[in-house]
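What follows is a pair of complexes built around subunit A, which joins subunit B in one and subunit C in the other.
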Partner chain A sequence: MNIKNLHAKIGDKEILKGLDLELIKGKIHVIMGTNGAGKSTLSKAIVGHYDVQTTQGEIIYKGENILEMEPEERALNGVFLSFQNPVEVAGVNNAYFLRTALNTKEKHRGEKETNAAEFLKLMRRHVEQLEMKPDMISRALNDGFSGGEKKRNEILQMEILKPDVIILDEIDSGLDIDALKSVSEGINRMKDGERTFLVITHYSRILDYIHPDYVHILQDGKIVKTGGPELVKILEAEGYQAIQKDLQCEP
Partner chain B sequence: MAQEEVNKILSQEYKLGFSVDVEADTAPPGLNEDVLRFISAKKEEPEWMVDLRIKALSKWKTMSEPHWAKLDYVPVDYQSISYFSAPKKAPNSLDEVDEKILEAYAKLGIPLEEQKMLQGIAIDAVFDSVSVKTTYSKTLMELGIIFCSISEAMREHPELVKKYMFSVVPMSDNYFAALNAAVFTDGTFVYIPKGVRCPMELSTYFRINAKNTGQFERTLIIADEGSYVSYNEGCSAPQRDENQLHAAVVELIAHKNAEIKYSTIQNWYPGDETGKGGIYNFVTKRGLCEGENSKISWTQVETGSSITWKYPSCVLKGDNSVGEFYSVAVTSKAQQADTGTKMIHIGKNTRSTIVSKGISAMRGQNSYRGLVKISPSASGARNHSQCDSLLIGPNCGAHTFPYLESQNSSAQIEHEATTSKISDEQLFYLRQRGIGEENAVSMIVHGFCKEVFSQLPMEFAVEAKELLNLTLEGSVG
Partner chain C sequence: MRAVTLSLANAKHRLYERLGELGLPGNKTEQYKNFAIKPILAKEYAFKTPTTSEPKEGAKLLIQNGVVLESPKGVRVSFERDFKADEGHYDALYFMSHVLADFVIRLDIDADAAFELEHRLDAKETLLAYRVFVQTAPNSKVEIFETFNMEGSQNGLLLYGVDAQVARDSTLRWIRNQNARADDAVVIGSHSFNVAKQGALELKTFDFGGGQALHLYKIDLANYAWSDAQHLLLATKKARRGNVVVINHNEPYAKSVQEARTILKDEATGIFDGKIFVSQAAKYTNASQNSKAILLGENAHMYAKPQLEIYTDELEASHGSTIGQLDEETLFYLRSRGIGLEEARKTLVLAFANVLVDTLGDGEIFDRVHAEFDKTYYV
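This part shows the complex of A and B:
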């Protein structure tokens, strides 16, 4: 996925100001940045969230500019967002929802649709793996779930839908250590050299469990620095200000 | 997501809005004794019925139209309506039913020809003011079940009609019930004898076809001791600019250990987005649980009509009797609904359940109005009510008016109410998982209605789901 010169605004405010970012297939990319730098706007722009209006630039994925696609088309093409705050949908059964999503995707690809019995088996296995309560299968989608349960439910969906590009928007926020572990394990299970990850985070905590290939620093609507995992160490030691200073010093 | 897209889905065209050109006998507009005599003569009614009609008319004249409901509509001019319209060719057998009428029903998905009859469902087809065809009557007769038009019942089974008609909904019960008593044209009559479990779904399909007429049917269902029946009604009407009046009365009587399950899918023409045209649906439905351990269950899916005023109720007289009300009411476009139920507990240990789901979209206004009354004699009575409202878009409304009168301290009453919105965030979430917008809306709406749909017989549940999709198509975006 190649993001070129992306400009995007929320309301009248321009948030992304010519962002360039290439996500390399099979790699884990981490985006870090201060509050308001544009991290969530970037993830929303990629999936076509209605809050965000893109004004310039393109996102080329599988040879097409996905900015011209409806959100569901982007999803069916393999783009997945783990939401920062997954919304509650009362009355819609979690299993029914997820099976519908899976069947829609299978249909789109011309594959055989997973039937109810097969699906239930599949879902049970993943629920167990993620150490979720079994009643998560039959409860309404995210309805009354705790913060940790919601995040695990996002990972569950990711594992079942098997997307190609996975955006994790603050998957680590509000998780206790056990939840962080099982969420990270889920992510690592998905890593197969083919899938691409974009991990958006404030903290380096999750990076103890998943090992990024690239780290990008987002500031004021642009990627200002790209490096390897060592960047995280510098950030941890010296904070974002160090990066800023560093940038100012560059000739 | 743009609200216009939602509206587009919601403003889906009414698919049953056609009319057929059938030669009809139509009474001149207006309401007076002569019209009543005209109707009675057309229907070859016994003299006692004419007298009852005239009595009802004089009562109606002393009453005034109720305006306590949260409904806003152009008043009805009762003198400009024609109170009777019937296809000219009076059919005695199916061969004699006008082809055009058969075609009209076929278009509605209701074949009346013997060879095409729906398996396991007996149908009474009411076209404007008359019943044109009742299927499976003979098969049912062998079990002693009477399933015929109410006109026929007056001629063939006068003792039953005299005994039960007006026994649950008296002619002076309310303004629209009195009007119906005076001018009712046709409707269905069902009698299930002692100990008989009706082996098939009984069904009536009401169709308004003629212009400037009202439809005033009257349905009477009696379940004798230990019997069971499941009855369904459906309705539709052509798309017209003028409002048309539908004022029906339904009476149910369940004797000891008997059970009646009554399901309605109401799809009268709802009018357009500006509120022009559509059916005024003023209906009185009431069931009497006469005997001990009897049960009456109302399930309604109300998607049509421009105005709905309807409160299917249960009078729980027999000890241990059970009343249920499951309702989905959808108001889209400029539709208004004021609907709910009354559960009147008289017998000991009587139980009632109310599940009401109101869905409002576009400029629709949806009110739940329900009464739970516990009489002093109703020791150990229990009620559980749940009223949920779902709003789609910013211009619609939902209102809840629960009334409670308890005169027995041993009664247990619970009431729960929620109001929720289909938010852009929810729709986006489902779309991000690859589910298209319309499927996303229907998934949320069906999830919301699940408890009610699960009460419908299988065939009707499918129809209800499709109907709901059509009604809400275009409402999201």
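This part shows the complex of A and C:
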């Protein structure tokens, strides 16, 4: 996925100001940045959220500019966002929802649709792996779920839908150690050298579990620095000001 | 409305007086002002007077054009000419239907029972008026599934209603499944439910379609009586449909819960006018009322009027009302998982409706209500 010169605004405020970023297939990319830098706006722009209006640039994926696609088309083409705050949907059964999404994807790909019995078996297996309560299957989608349960449910969806480009927007926020471990294990199960991850986070602790290949610093709507995992250590020790000073010293 | 005027001359005196006091409803009458009642009453109809009958035993209670053709085992049917109607009712058409009907179809149910009550109408351009009275026995549980088959009833008017006495310690579960096309008879149902001490009324109405219908209820609760009223309305095309409900907490420790959910497509109009009245004597009561509506059509209209009128300090009461469109963030969430916009909309509408449909539990009634909903929604 290649993001070129992306400009985007929310309302009248320009948030992304010519962002360039190449996500390399099979790699884990991490984006870090201060509050308001544009991290969540970037994730929303990629999946076509209605809040975000892209004004310039393109996102090329599988040879097409996905900015011209509807959100569901982007999803069917393999783009997945794990939401920072997943919505609660009373009256929609979790299993029914996920099976509908899976069957829609299978139909789109011309594959045989997973039937109810097969799906239930599949879902039970993943629920167990993620150490979720079994009643999550029959409960309404995210309705009354705790913060941790919602995040696990996002990972459950990811594991069942098997997308190609996975954006995790603050998947680690509000998780206790056990939940963080389960969620990280879910992410690691999906690493196969083919799938691409874009992890948006404020904290380094999840990176102890999922080991990124690239770390990008987002500031004022642009990627200002890219490096390896060592960049996280610098950030932790010296904060974003160090990056800022470093940038000012560059010719 | 010539035929009606002629009949009134011979009507039962006290009911006629009450009708006179209230006057025929017009566009300024509070309960009818969003229903466009005037053209309905101004229209000329043939007037049909139902006759008494000797119903044969059947699987359901079948009333065809006001005549009882079948009744199930355990239900005693009789015809009462001097019925004592609820003189405190607020609706003029409650009295009008009593005045026009020569008798009330009386159903005495002596033990636990569950049956279907089917109204079958096939008379064109006809005003049909009849009333049903239900009496439960103490300590019994009765479930009545009320359905309408109105094929061939074009452009008529059905003025009907239920008077029910829910006996002490008994439960009446009344489920209405109504679906009407635009050219079916207009249905105006005006009802009075009286729930005795420790009695319980579960009123579940499922009202779908493109025709015109209004139900007006008066529910009276005695000491420790309980009422759970749920109304699901799905109106399409140019329909005007709705519910007017007055729940009176007359004595201490009564409890009422009411939830109305309305989905309006196209140019449909939905009405929810609900009032909970708590008298000074009705201390320690508990009352809640909620109305939620989703507007799917750009020209759809919802008139919601939730009201509490309270004359005691010692109670718990709440009410609320929301009118809006489908939540954009929720729609987006579904779309972000590959579900198309139209499918996502349908999923959320069904979810909204299912909160009430699911309370029916599994079984034939659930299946039939669900099927009617689908039939109306997907047209």
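What to note about this one:
Criterion: the second predicted complex is superposed on the first by the 251 of 251 C-alpha atoms of A that agree within 3 Å, B and C clash if a C-alpha of one lies under 4 Å from a C-alpha of the other, contacts with A are read in each partner's own complex, and residues count from 1 in each chain.
Following the convention adopted for this analysis, a residue touches a chain if its C-beta (ideal position, glycine included) is under 8 Å from a C-beta of that chain, and two chains touch if they have at least 3 such contacts.
On a predicted model such as this, the values are computed, not experimentally measured, just so you know.
When the two structures are aligned on the shared chain, A:177 is found in touch with neither subunit B nor subunit C.
Using the contact criterion defined above for the overlaid structures, shared-chain residue A:117 touches neither subunit B nor subunit C, since it reaches no partner.
Legend: residue contacts after superposition of the two complexes on their common chain; A:237 is shown touching neither subunit B nor subunit C.
Legend: residue contacts after superposition of the two complexes on their common chain; A:70 is shown touching both subunit B and subunit C. Shared interface residues of subunit A, touching subunit B in one complex and subunit C in the other, are 47, 49-50, 70-72, 75-76, 80-81, 83, 86-87, 89-92, 97-98, 100-101, 104-105, 108, 140, 157, 161. If you check the complex, the residues on subunit A that touch subunit B are 47, 49-50, 70-72, 75-76, 80-81, 83, 86-87, 89-93, 96-98, 100-101, 104-105, 108, 140, 157, 161. Residues 47-50, 70-72, 75-76, 80-81, 83, 86-87, 89-92, 97-98, 100-101, 104-105, 108, 140, 157, 161 of subunit A are the ones that touch subunit C when the two sit in their complex.
Interface residues of subunit B, counted against subunit A in their complex, comprise 1, 420, 423-426, 428-437, 439, 443-444, 447-448, 450. By the touch rule above, subunit C contacts subunit A in their complex via residues 327-330, 332-341, 343-344, 347-348, 350-355, 358.
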